[in-house]
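These notes concern the structure reproduced below.
Residue numbering begins at 1 within each chain, and the chains themselves are lettered A, B, C and D in the order written.
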Amino acid sequence: MNPSSINTILLFVLLINMFILGSNRIITAIKAVAIQGVILAFLAFFFKETTDSDAFLFIIIIAVKGFIIPYLLIKVTKMADINQEMTPLIGYVPTMFIDALSVFLSFFVASKLPLLPAHQETIIVPVFFATLMSGMLLIISRQKAITQVVGYLIMENGVFILSSMLTGSVTLLAEIGVLLDVLAGVFIMGIMLNHIATTFEKGDAVKLTSLRE
Amino acid sequence: MFLCISLFFILCSAFLPFFIAKKNPLLCDKLFAFFYSIGALLGLGFIAFGITKGLHVAYTLPFSILFSYFSIKIEMINLLFMIPIYLIGSMSAIYSTSYWSTAQKGLGSSFRYRLYLCLFTISMILLVISDNFIMFITFWEIMSLLAYGLITIDEDSEEAQSAGYLYFIATHTGVIALMGMFAIIQVYFGFSDFSSALGKIDANLAIASSIFLLGVFGFGMKAGFFPLYFWLPSAHSSAPVPISALLSGVMIKMGIYGILKILFMFSNIPHWWGWLIFAIGILSGILGVVYAIAQHDIKKLLAYHSIENIGIIAIGIGLAMLGRSYHNSTLVLFGLAGALFHVINHSLFKPLLFYSAGSIIEKYHTRDIGHYGGIIKVQPYTALFFLIGAVSISGLPPFNGFASEWLLYMGMFKTLFSHQNTLMPVVFGILSLALIGGLALACFVKVFGISFLGNPRKIELSNVKESSLFMLFPMAFLSTICFVLGVFPSIMKDILLDIASAFNQKNIYVKIDTLINLSEAYLWFFMIFGVVLAVVLYQTRGKISKNIGTWACGFSHKTPRAQYTSSSLMQMILDLFGWTLHVKRGAFCSKELFSQKYHFYLHQNDKTIYWLAKISEKFLLFCSKLRTIIHNGYMGIYVLYIFVALILMLLYVGN
Amino acid sequence: MTVAFLCTVCVATVLGVIFITKENKTRAYAIFALALGHLLLTLCLLNLNIVHIDALSKFILIIISTLYLGITFHGISYFSICQSQNNNKYVALSLVIFLVFATLMIVADELISMWIFLETASLACAPLIYYNKNKASIEATWKYLFLCSIGIILALVGMLFISYSAIMAGASDTSLSFENILANGKSFNSTWLKISFVFIFIGFATKTGLFPLHSWKADAYGEEPGIFGALMAGGMTSLSWLALIRLMQIMNASKESALMQNVLVFFGVASMLFASIGMLNQSDIKRVLAYSSIEHMGIISLGFGVGGVGIFGALFHIFNNALLKGAIFIAVGNIKRAFGEKTLYFVSGAIGKIPISGTILFITFLAIVGTPPFGSFFSIFSILKGTLNYSNGLLFFMIMGLIFAFIGISKTILSATRGKPKDIQTGYKDTLGMYLVPLVLLLITLFVGINMPNIMQNLLNEASLLIKG
Amino acid sequence: MQDIIYLIFGTLFFFMLSIVNLGIIIKVKAFFGGRYGVPIFQKMYDILKLWQKSIKLSQTTSWVFFAGPLLATIVPVFCFLFLPFVAFPSILSFDGDFLLFVYMFGLLRFFTTSSALDTGSSFEGMGSARELTFSFLVEPIMFVCFIILAKGTSSLSLEDFFGYNILDAWSDYSTVFGIVVVCFFVIMLAENSRIPFDDPATHLELTMTHEVMVLDHSGPLLASILVGSAMKLTLFAILIVDLAIPFKTGILPLDTTIGIFAVLGMGVVVGITESVMARLRLTDIKKILMGTLIISLFGIILISR
């Protein structure tokens, strides 16, 4: 239980957010998210002494976030040879700028919130908010379906930060259930992506905006 | 219980005859009319009994239903409003025998028509007798829906469908307002039926005014008060004739009934309510008749006249309310008596007019007055009945329209003596009533003169016969009643007095016996009339030769197109009211060097409806624009909505 | 225990059938059998308390069970007549999954597990939307899937916050089981509780489809077949309302009701007004129904927001809304099959063309806009009454919303049902199997309106007492 | 029974009076025209001559064609019952009879215009259009006058309006009653279509109002129309006289003679007006009537103070 190491990890997370928002290649973004997930998996150990159940959970998380999901997404990308450029609705620099703003904002908010002394010295809550917002930001600012999945994954990572903060209240089973749900969600999304890529021709695969008033 | 039996008969009439409809459609229609009339007769008998005995029934069904209970209450006012339902219902049933015969319209259509007709009547009866709010609104809605079904009974006519749509919107909007009203009453005052709330609600509370306004909106939508009548002309004109008669003669009176019902609930009435209703009445009256003059479609014209008459009734109700708020029982008596008497009269002569118009329309297949002319020679009886209807709706003696307007006039004139100068604006009521009278007279001179007299304009009359007995009988019957009520108006005086004193919530010591004098005066009138008629007939017997054409002041006009048309007859009047009309005038001419044809057109229409239509159109456009902006298809934007909502809610929670 | 075992066995057999057979028809029968079994389960859950479930769960369970039975019964004729070609293996599978997890979600007594089951059930709906396998359906599915997932993630965050607030309060038991939270929720840290309320509300409201979180609704309901639209508009919404009701219980238990009420009322009014904007001169029948569903969500949330008699009305309206939406979506599906299209350029005079379905559609529409004596009238009426003890102005807002929404929906439905039918030849025939279900659902609402059975009344009162806390 | 006799003698008297009245008007106009003029009873001879003639009808007409002329004679006689003649009380009087009075003329108008339209001639339609327009403008004025009278005499029957108790009403509201007299004079001219509203002696159909409606009537019908119009004029003359000469000497014969001469005096006044004024344009007629209405409304304001 040492705050400094936790903070370093969380800083990494923040940086990865920035990196994803800045990167213009999809595969890179996917890999980055995977790395983020793996890093976060370690977070659990810093909070309390480990039990074997934690180890079990750790393994599952590594498996799901580190390997299965990225593999799935990359496979889809390859299979439907979606081109690598993630066509932004808002440009890269503005997004990063907004993200930076959101980081500041979240730190500000977190300073206002009542926290346990244990959490006050770590930057866990602000990072959680920041990650959530960056995920949203990615979803809003990029048009392609797959990048939006990436944003979804970022948000999920943010939630994971939070859940790892509250060990004890959330049971192991619940954790696994959550994971599996996310997995199923991403899985179905992957299938849908595949269908999209096969049904639409490359031109309008970019943005799905035919259903409107 | 007479009532149940009568309703049962009416219900039977919907089903029984159709077992033989396959073999003998005509007999089936006759049977329908027969059963229905028996039911109606029973009902009328019950009413007569009730009125003479001063019946007062209050009854509650033992079991609970619809989250409440079914309680009925029958008093004078209910009986009064039940009269037209039964009367006009049976008349329409008889009229339909030839107007909507199974042979022409086909079994399915005819069956639906008759079934709706019966249920329509039944629901109105139940509406009038039901005392509980939930019951009331339920039957109200059922009545409205059946009316919708009857208006749009003809699936193929575009016009009927759109009219039905307008009507539908209007009626259900009204129902929603009524729901709000009843909700307020139940929550704030805890009453769940009319009789328990009778005179218990203090109108000085702020919420009471909203009850009143919601009520006026909801019921006025049905009754066709000034801005809310937009559904009425199209619906009345595109429905089948017997149905138009029912709608205009009976259904819109239910709105009046409702307004009276809610007024009964208040212990006192603020001044501005009375003035509001009074003003609405004046507006509806004048505008209604002006728009009617501008119309060429005979059924639309009659529909606008029902707006006018509703205006007159509203004037009466407004007077009664003023009387209550100024503690002037004379005004209450004359106002309410006039209003209710006019309700009855209007429900007599308006169906009469619709029926006779229908018997023309059936022959000529057009509703445009400009095509008629000289009908009196081929359909003398129809013409006679229409004339009677016209005279009575113009409020001319010795017919019933005059009697009720006379009561209203008397009420207003009597206020001149009470030295409350705050009541002085009532004179505007007198003037507008006079104006309405003059205009209505002009309008019906136009209708009668243009369509029945003179030479046929566009349609050849050679092969037209007088309508069948089933059509003539209702007209004859109604015109007789009009005449009798006109000459002996004092038949009504007790029931009117009774209701008025109930409305006043304390006894009224003024009397309306002066109605007797009218009959006396009419006696003299008929005496003189008889003498003069006798003399003239004696003098002119055998001296009449009818073998020349009309003297055309030197011209020799062979063409009937040289006659005065409805628009030219009324143009001088309409010029005075140009500001209320939406006028489109112009001319076509063929573009050759020597133009052969040159023809002008002039359309004058209801400006109110025109503006309403414009506004709603704008609103719809705005809505679809807004929709396209919000639903632009980008999912990022949708997520942004969620995000923004989240942030805003967090901020809201934060402080 | 035995019951659970039996259930698993049934589900397993049904799944087996679905996977083995080649026939759409047999699959449909299998699901129908499952629905019957579920009805049985519901009955025994209601009477003999094996698992302890409260009135709310019972109420929602009844709704889901009835609706699912109806839909599967309609499914028999639907799959065997209209959709004999289109292979329905995955659809059947997801229907089964939906039922299982919906039931689990209803009986769940712990927040996170409830969340998981709800999430799974909503994921199971994705194949239903995708059923037609064309571009539009893909897009609709994608939007539904994604927006709901985001919503659900936010809900999860909120739940974690609840536990954090428990930790803050230094509570001994920080687990998220209901009785725990309800018992000592008032001692929890209010700040975090409020934040968590925000997150959870947004999450589940996305699934419910309140403005401005409604965006997926029009597309999804518009593109999926009517029968599945019935399932989602009737069933899915009820489930998410159950989730929201749990949230309300928590807030009430922890004395934060004022905040919750304001939020609910705001969202209710906003949804009603926006829905009416969406419906006015809308030419696509199914989209109109989607917006109408948004409107009714608004009405319900208004009812919960104003409290008092409004809560009873809201619960009752959940019931009516579920059944009526089920009926009208199926009826519209029939209309669509009869005309081949779902926009007004092609559809008109349905009553003339397919009299029974057309009439059912018309009457259901009347019921939806709250015509007495249908049940919906009474629910709306009691919500109207409830608005008064919140504030008088709200009554007029609600009346406005009702009027505009009514005008909007009536234009479309009337011109679809009345008038002269267009002569478009699709070989569709109105068979008993196609119109029985909506008719029955309609009759149920009518019956409930005319004379509500005491059992249901007691259930409703009990449930509303639970919510009031 | 003696009511009937009273009625018969009254009617005869009324009839003679109106014939003479008409004759006087013609005389006066002739005098102003510098002619000698026809004898006073000329109208009588005309009517008798017409009375013996036979009737020629257009094929277009129907029984409605008879209704107009009949009512034209019946209505004035009937309305005469309500009017007190100077000291003679009215034969028939009750609260609100003035409404009957007004609306009876409405009935008359309805049928005269209808019977005009019955011929299907373009000119007669013109006449009825004008008649309708003007009279619907006149009606409110009449009502305003009656409102003022009712308020002033605080009673509701014509007998009291014009009967004995009018004198003190005059003393209270003299100005207002002056206005009323003027209004009634205008109404008389307009209702009986005299100059300046219409020229009964014109020979151009396009300018006629009343005469153009009776083009096709002939024989006894025309006679009854003539009688009717004469009576109508005199009816209004009596009305004005009753109003303008409120004081009574109390000696019946004296009052009666005063009354008769006053009515004939009205004839003179009308004659003078007709000879000094020119006929108005149709469009101006509306203006004049509107103006009169507004003036009479002033009367209401004055009296309601």
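We take it that a residue touches a chain if its C-beta (ideal position, glycine included) is under 8 Å from a C-beta of that chain, and two chains touch if they have at least 3 such contacts.
For clarity, every value in this text was computed on a predicted model and none was experimentally measured.
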Chain at maximum distance from chain D, centres defined as averaged CA atoms: A
Selected pair, greater C-beta contact count between A-C and B-C: B-C
Centre distance in Å when chain B and chain C are each reduced to the mean of their C-alpha atoms: 44
Chain centre separation in whole Å, for chain D relative to chain C (CA means): 79
Length of the line joining the C-alpha centres of chain A and chain C, rounded to whole Å: 31
Distance between chain centroids, defined by C-alpha means - chain A, chain D (Å): 99
Where chain B touches two or more other chains, by residue: 624, 627, 630-631, 635, 639
Shared interface positions of chain C, touching two or more other chains: 142-143, 146, 150, 195, 218, 278
Touch relationships between chains, expressed as pairs: A-B, A-C, B-C, B-D
Complex interface listing, chain B residues touching chain C: 65-67, 134, 137-138, 141-142, 145, 152, 155-156, 158, 161, 164-165, 168-169, 172-173, 175-177, 179-180, 182-184, 186-188, 207, 210, 619-620, 623-624, 626-627, 630-631, 635, 638-639, 641-642, 644-646, 649-650, 652-653
Sites on chain B touched by chain D in the complex: 373-374, 376-377, 380, 383, 387, 391, 394-397, 402, 406, 409-410, 413-414, 416-417, 421, 424, 427, 430-431, 434-435, 437-439, 441-442, 444-445, 448-450, 453-455, 514, 517-518, 520-521, 524-525, 528-529, 532-533, 536, 539-540, 543-553, 557, 560, 562-564, 568-573, 576
Contacting residues of chain C [partner chain A, same complex]: 112-113, 115-116, 119-120, 123, 126, 130, 133-136, 138-143, 145-146, 149-150, 153, 156-157, 160-161, 163-164, 166-168, 174-176, 189, 191-192, 195, 218-219, 222-223, 278
Of chain D, residues touching chain B in the complex: 7, 51, 53-62, 64, 66, 69-70, 73-74, 77-78, 81, 92, 94-97, 99-100, 102-104, 106-107, 109-110, 113-114, 116-126, 128-130, 132-133, 135-137, 139-140, 142-144, 147, 150-151, 154, 156, 205, 215-216, 219-221, 224, 286, 300, 304
Residues of chain C defined as touching chain B within the complex: 142-143, 146-147, 150-151, 154, 194-195, 197-199, 201-202, 206, 212-213, 215-216, 218, 259, 263, 274, 277-278, 280-282, 349, 351-352, 366, 369-373, 378, 380-381, 384-385, 387-389, 392, 395-396, 398-399, 402-403, 406-407, 410-411, 414-415, 418-420, 449-452
